[in-house]
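Each of the two complexes below includes subunit A, the first together with subunit B, the second together with subunit C.
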Partner chain A sequence: MNSDDWLRAFAAELHQRRVGADAARHVVAEAATHLREGGGDPWVVFGPPRQYAGVIVESIGTAPGPRPGPVRLHAQGITKRYGRRTVLRDATLTVRAGQIAAVIGANGCGKSTFLRICAGLISPDDGAVTVSGRLGYCPQSGGTADFLLADEHFVLVGAGQGMARGPARRAGRVAARQLGWEAGGDVLARHLSGGTRQKLNLTMSTLSDPDVLLLDEPYQGFDQGTYVNFWDQLSRLRDAGKAIVVVTHLLNQLDRVDTVLDLTPAQPSGWLAPGAQGGHP
Partner chain B sequence: MNRLLTVAEMTLRELLRRRGVLLLLLLMPLTFYLIRRDSYLGQSVRSLLLGVGWAVSTAALFATTAARELEPRLRLAGYRPHHLYLGRMLGLWTVGLVVAVPFFLLPMIDGANLRYAGLAAAMLCSVGVAAPFGMLIGALLPRELEGTLLLLTVVTVQMLIDPAGSGAKLTPFWSSREIATWAVDHTDQGYLDRGLLHGLAVTALLVLGVAAVASVRLRRRRHLRHLPVS
Partner chain C sequence: MDSDRRGQWLRGVLDICVLALLRERESYGYQLAQALDAAGVGPIQGGTLYPVLLRLQRTGLVTARWREGSAGPARKYYRLTDDGHAALRQGGSDWLTFVAPVNDIVTKGVAG
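The block that comes next holds the complex of A and B.
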């Protein structure tokens, strides 16, 4: 990670911790000046971006975060069986506007199934989901058309909302740029790298301006910079009042979310993250 | 209407970019025509029509299978099931007509003494039936291999079955064969009428079948309740 990457990661951490925009800009500019004039590896000079952001937050405090809004997604008592195997048992999750919820758990515990039930793509054996507003869904993989360009994907998704071609293309390119990707090329989706294809997937899910965004491990194949941009974008969407549910197995990101649904069948240590809602009682 | 046309356009773009597959699909009707050309023109033209039907239904099968994961998210993005299946069908019919034109001209260049209006009607029936037929198989069988094998079976049955037998009328491309007989052998009007009626009825049934499967697969689930943004 060079100085620019470090500064980007540092800025994202400050944003994530709700440091005021002006104060964050000032702190990042100071750090950049220090690195430029004094030289040296930022990891040696300041330490990891996350740790240094923590120090800054302790020193200057944070801007008050927006209060969570009304309930946007309420999944109650979701149970799903495949044959004799119960994949989900009585899973419950409530997410409000301006919140990020993480769905965690071991492989095969039903994280993707839960999300697909919330999106209305499959039916549960029991339980109900109430969604307030428009839904957006980003699958773990697939969900794009091999022989279409990125712009054509944006036009296709945009037309669903009655958007004209030009605005749909522009909106798609702007959303892609926030993930560090210039989407306006003439490369077919099948020729995109795995990570870039996921950026297309993610961009498509935000294009229809959903009130509730369901993301199934959308960062597969992302490089470090994109991964930081991804969480940065989630924070922006949260601040804009969106309710976000993200399936993840990366437990080191749980401090970035407001609530956690753990679908692991047994809790050996009884540990649950703050705000955790257990899916298997 | 814009949503339907956008899906049709994207289907068209996708198919026209699969150049390798398209060329191989075009090869089949041509081979069918040429292989029987020396023996009996009627058989040659009927094989050509069957080849066109095979090519278009295979393209429809691939297009439907490829869109399987995309369609649910398009549904979430505001499309209704009929936008998706009718749009795709419209795109496939357009591709089918484009594919049919050179094969309509082929017997003409070959100097065959045919009723060309009949050949055009048979081509239309072939394309009209093939698109929803391939889509229906693609919707029912999720993997391309199974779908292709089923298509192959149907086409083989169609080729080998006695056209005068009652079972032949149950095969999807019987209409184009009947009309082709009228066009090639200059038979009575009954062949044309029966063929057109069969073609229309089979196309309508297949479109309804595609509509039913798509409506079930892309239905709004009962467990999900949508409320307006408060």
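The block that comes next holds the complex of A and C.
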């Protein structure tokens, strides 16, 4: 486990203990600075991530995270077939305001399909989705316009909400900065790196101030080292009372979510994530 | 030196040492650890030092702010508050009152 892995695990432990997002960010950054300056094995310098997170909580306390609020998204018995192939069978997920749900499973198990059904982009063959509030959706790819600047994307999203150009641009840049990205450049979207285009996508999906945020593998292609920003941002949105659904296949990130829907088809001795809500029978 | 015993002693006095070092100038974690080591206290691991700093910050004895270095990463600098000065005076003299007789006793024991 190298320093980055240790820091990632440490950040996850703090998150799990409901240390406030900003406080956690400072503590992780301070530990990272210390390791950069002094070198050394983080397991010796700070100890196991779990143990050190416990010590930190004793020192600074936890920010009592807002209690989960009302149900924002309820997907019940979702079944989807393509021809004779059943992609989803009886998948059920409930997410409340102030919660992050992860949808996990192997490639091709229907994660993106499930999310698109939640977004109302395709219809299930069986089951129903109830959404309470405004919906934001961040697709896995696409969603950006090649020949527009980031700023112009923000103006476009703002126009949809009757927002003037200036404020829309500023809101976009502020939201982008929280992902560690300075969006005010004069680079067309098609010339942005894949990771930065994803940040643009994620930024746009948060701009309409949605109550429910659906993110399809949003970190894919994110630059090295920006994971902290991404999960910080997610924690911040959660603490602001959003209901968030993240499609992911990275198991070590599950620590930072409140509930898990595993869509992996049942195996003889299936591993079930803690807090799993069930998917395939 | 018995590292368990050294750890126990440190737990009782590290906060006062940190306050005393910060009285001279504001500083950041790694620099404080180096100063303690250079003074002969021995190496202090980050896992021991930062919880102390965070507790001092929470109780208002120090304030902290992030500052970019001229070279290298941004660091979190700690600075003594008025309450910190008062706590240093009180805690420091308490410590001296405590160790003076301890030193007497131990010195006699070791010499004898």
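The working rule: the second predicted complex is superposed on the first by the 221 of 281 C-alpha atoms of A that agree within 3 Å, B and C clash if a C-alpha of one lies under 4 Å from a C-alpha of the other, contacts with A are read in each partner's own complex, and residues count from 1 in each chain.
One rule holds in what follows: contacts are C-beta pairs under 8 Å (C-beta built on N, C-alpha and C of every residue); 3 or more make two chains touch, one makes a residue touch a chain.
Nothing here was measured: the structure is a model prediction, and the numbers come from that model.
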{"item": "Which of subunit B and subunit C A:Q161 touches, first, second, both or neither", "value": "first"}
{"item": "First, second, both or neither for A:S193, with subunit B first and subunit C second", "value": "neither"}
{"item": "Larger contact residue set on subunit A - subunit B or subunit C", "value": "B"}
{"item": "Subunit B versus subunit C as contact partner of A:S59, first or second or both or neither", "value": "second"}
{"item": "Contacts of A:T33 with subunit B and subunit C, given as first, second, both or neither", "value": "second"}
{"item": "First, second, both or neither for A:V44, with subunit B first and subunit C second", "value": "second"}
{"item": "Subunit C-facing residues of subunit A, complex", "value": "26-27, 29-38, 44-47, 52, 55-56, 58-61"}
{"item": "Subunit A contact footprint on subunit B (complex, rising order)", "value": "2-3, 6-7, 10, 13-15, 17-18, 66-67, 69-70, 72-74, 76-79, 220-230"}
{"item": "Complex interface listing, subunit C residues touching subunit A", "value": "28-30, 33, 45-47, 50-52, 54-55, 58, 66, 72-76"}
{"item": "Complex contacts: residues of subunit A adjacent to subunit B", "value": "70, 117-124, 127-137, 139, 142-148, 152, 155-157, 159-162, 188, 204-205, 207-208, 211"}
